[in-house]
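Here come two complexes built around subunit A, the first alongside subunit B, the second alongside subunit C.
Now for the complex of A and B:
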């Protein structure tokens, strides 16, 4: 076998792309409604926050950690921003900024707890997961908060994600931003000092410390990036969900973490790609959207998603064994 | 260590400063909002209370149809006439969650009743309506705390049996509100304060049927129903009330109906029919979790079918899921007749703009109010009859009606 052929077959990105295409073909063949453009639009609407969370959480995952606070965090930031708009007539732009900064702040807290105070990532972010769940209710006064709807005066932020042409055709602009952000973060991970150190921390933290790199700083920054993306996700969540409800969000991080792992981010750290993460998240989103369309009861969706994850982790293990040989 | 401490302080300060931004805002506004709500609610509740008793209500009934049986409501509330608390009781209340404004309205009602009667209560609830185990824990610790009584809105009516037996053994009265509990062998539940959910589902079916009956008979058509779960009795009753009433109305007009989708509802309905020969297919979707996005995907999969002419979302989450799916499909109010449940800004807007045909509203405020009255009466030792609360069909034409407007919470 030539070297080139081997690299294609061992590239998880390639396999995941095939899975995405395969799923789309299968669902389209079984359900004629799935083939409709509106179904694609719906799937994309509900995919952006998963994609943003997944891109963010890829960084802690690659350092060998995890961030469980992104799901409840995202809802908390959306509630805080929505509260300012609804009850204090803040301009939407300012509220968006608050949501994003709130995300960065929780990311910083996670980073400090993990990289400086040495708490295990699972525990630290489990705690911030609970904290953000409670904070969301406090910030919103326990009220469900709708962000302005698309045709309201201050509903312009919806057009970040979807625009309607004069002809009435809707264009999912958000997908373009997702691809651009994924390319940008892929560049950051693969071609900047920050990205390389993040990978180094995940593959061998001791060696990275010994080589004189300020590991604590870069480790904290990985969580800040994750928080930033959870903040961005909160905006796309407010775009997709009519009323943001306090107390929700737990479990949503698992779709994002699952997407990153399906996309080839190593569950034990040290390896991962952002393009893979983007594709992996779309596998999860396609399953979420497609399975109800082919008439499968929703519980099957969770079983199938679980099986897909097992498959992805097995590929990861096989890949490592092959490298060892 | 100093560095660690400094870093910790810095990040805490940063989180605190962000919180201060929205926190201080919340402090300023929250009391104002609550007072406003209570002030608004107090006369409204009084009004509603008087209305149900007074005969003027009969005249109103011509345009506003109360789904509750007027006699049953009168009987249920009459037992609390002149009630005073023998002691300053303290009650425990376990709600399904504080997830929606619906529960906030119920708490407002409880506050009013507690102030009138001079009793106190502590309300708690899990983070979401799916957290069944958390709610059982809360219920058990409430029972162990030996209050004068417990008010319970059960997330899963079959999981609370053991707790109910424990309450009975401790001679603790339980008032079920919002959701009735059908299986209570020990008789721990002394009173149920809830909307007649079967009737609520039926009124949704009746109004939807009126709007679509002209389209029946020209080939198979599909009617969707999105239920957020298949475990809570109130959702089951609404879902089945809708399906069975629809079957009854369509069959009376000579149409054949089949029910497909979620197994619970298919097996529990009066007649699941045969899909191949049906004139109307009722497709029931239940998402894996009670979230709006999963409800929206479930609704979207039905609404995008060519033969779908109507859809019913049986609570606030499911109805918002229907509206959310319509964001891309744009079929509601045009090709597809939408019917919702409960209120909230989004659903109210959809009804007033005609995107949704209408919705069924309950009286969470009166439910909370009479729960405290029932608990107090039970603690006094009074034997109680069930207390059904009001529920109304509302559409763009009657949203401002005096009986309806107070129940349309944001």
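Now for the complex of A and C:
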């Protein structure tokens, strides 16, 4: 028996990092416009909500489940917060808090349905996906709701994600938060009881139950964390999108789930890293932003993203088979 | 009884590390019901699997209707007329009875399935069997007994000449068993050869003509049923020489306190009114045949399955155990018979497995103290002599014996005082077995109390201080090791159910 130690250079994280760098180089070489700093700024603005959703959904994925409600959920929470600011003159800070708590509540609902009432995750979150879409429309009275713009009195929250220096240079501060949040959640996954049990549930739920662990609680918590991040994502969504439209959001969860899986989160549970999720999501974001610059329009993006996902899932299957041998 | 239809001669089959069949002989005549008996693991099922082509024999010959044959899969055996009616029914619950009977060989009208004809044919089959089942009923709506009748009908529709019943009565009611016997007698009249595998002595006496007994993969002998007694059969089943020294006297101190008392435990059909006591430092063996309800008792005790009644006392105090969490809190650890499914998290490291049950003790604030975790894991790797290149090794890369040690370590790290070992040496090679035995003895000597469920007679006699015997969900005996013999245990384990 030989000691198997995975080298950092063959780890999926490293490969995905290379892909991110490679994509940036390729797009930059082909398109002059892609090389512009404003393109990078815009891409980052639109990446934050994908990243936040992906970090969140990594937890249900690692337990062997999924959360399909994060896309419509995110839009719903943003609508709820926006409604309070616009029509009830709530301070932005309080509205942000409501959006985040709303996310946690839907996460809790998902968790209860799945971990306690034993609904299949796919089905349970498909239902909450529809519910949040409906709730969003009700919150907003079926009208699009804009959050305050950056130079409005209460538009301070935009500076969480992007600040303008005295020289006029814009700094994508949000990216720093993404990296810090990813590091924090990586630590939670790798170094806390919650993280350890989330992995154990995805790896072998029965054995975890028989080890005397309150599996239901930790299983629910995985979905609450996912809801929390969908709530956070709603803030970055309101930052990026001028007017949040009810009825949208469906399909956005797929970019996040895809990002997590490209980043090495096992589609069948039991394995995954948050740093990988961060990188994987940027592969998806780069494809979304970059492909139009090299003349491939929306339809092609979807096809290519789909193919990249198939590749990632195949790698996951091969990896599992190798472990079995 | 007519002429011999099927002869198996000198059948030999080995699996890695196990000589499953050692030159076994077996024959079936037309118009006879031939019982095949033996303890768990005696090789009955393996022999039947060799016959029907699920396993390939290493040597020996099978003669069927005067010709030497070799089937490569169950389909070939079926086509030749040899069919097994399995213990677990192979039916698709959502299809109708007729659709199930003709699955895989549906009648067609053009390219459409001819359901009408299948229903008609099914009716004819049921008529010949003199049973009443609606062929258009959904399979899952039938009782287990009726489903089994359908299996038999299916077998006959293959124009079977030899039908093998693998413990057919295990899930049936008295009335259903009578119906089954009526059908079997009918089939015998029609000159079919019937193999009947069962543990129930009373049934063997009622329905069979001859009995062949196997033991540890060898052929022991064949008797005419009406000329033999239950004792004759039991003697043949257990008459092995025990090589390992059996325990001759209990090692438990006479004044050792009772640490666990279970009273009137009930959990479904498989656990009926089970009561027993476990003392400090004792190894309490749980013996019985397959389906005796031992694992179910352990799981109910551990809170893994719901119980319908019963009281549990730990150190004299009544406790409530509704989940594994409760059980672990009260210092009970369960080592499952199916390690890979219930025991270990295979794709995780030894460290993660070792501290899984008591991560709370290895936290610094909210964070896992990985250094402390590694220390305790390495302590137990050393103490249990687990063979691994390091504590961060994935458990999947360890051998069965070493995986078992990781599970033991998990409960020792948690400091459990009551350990339930369910088939502790299943799938573990001989050398590692001895290590596990030594380890269990050491744990008992150190004051841990052990419940050991085992289907291996030698293991029971070698390890236990006292033996509880179960049969079909009930406790049928409690034997001190000083009085225990294979015959006595087997007698209790096969108690006639009236």
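Everything below uses one rule, namely that the second predicted complex is superposed on the first by the 316 of 325 C-alpha atoms of A that agree within 3 Å, B and C clash if a C-alpha of one lies under 4 Å from a C-alpha of the other, contacts with A are read in each partner's own complex, and residues count from 1 in each chain.
The working rule: a residue touches a chain if its C-beta (ideal position, glycine included) is under 8 Å from a C-beta of that chain, and two chains touch if they have at least 3 such contacts.
A quick note: this is a predicted structure, and the numbers were derived from the prediction, not measured.
Subunit B and subunit C, once both complexes are superposed via subunit A, fit side by side. By the touch criterion stated above, A:209 is placed in contact with subunit C alone, subunit B being left untouched. By the touch criterion stated above, A:299 is placed in contact with subunit B alone, subunit C being left untouched. In the superposition on chain A, contact of A:199 is made with subunit C only, not with subunit B. In the superposition on chain A, contact is made by A:41 with subunit B only, not with subunit C.
Measured by the number of subunit A residues touched, the leading partner among subunit B and subunit C is B.
Of the two partner chains placed by the overlay, neither subunit B nor subunit C lies in contact with A:229.
Closest C-alpha contact of subunit B with subunit C, superposed model: 12 Å. The contact surfaces that subunit B and subunit C form on subunit A in the two complexes do not overlap at any residue. For subunit B in complex with subunit A, the residues that touch the partner chain are 3-4, 7-8, 10-12, 14-15, 17-19, 21-23, 25-26, 29-30, 33, 97-101, 104, 126-128, 262-263, 285-289, 291-294, 296-298, 300-301, 304-306, 316-317, 320, 323-325, 327-329, 344-346, 349, 410. For subunit C in complex with subunit A, the residues that touch the partner chain are 302, 304, 323-325, 327-329, 334, 336, 341-348, 352, 356-357, 359-360, 363, 366-368, 370, 387-390, 393-394, 396-397, 410, 414. Interface residues of subunit A facing subunit C in the complex, by the touch rule stated above, are 1-4, 187, 191-193, 196-197, 199-200, 203-204, 206-214, 270-271, 320, 323-324. Across the complex, subunit B is touched by residues 33, 36, 38-39, 41-42, 45-46, 80, 83-84, 87-88, 98, 101-102, 105-106, 108-109, 111-112, 116-117, 133, 135, 137-144, 146, 149-150, 170, 240-243, 245-248, 250-251, 288-289, 292-293, 297-299, 301-302 of subunit A.
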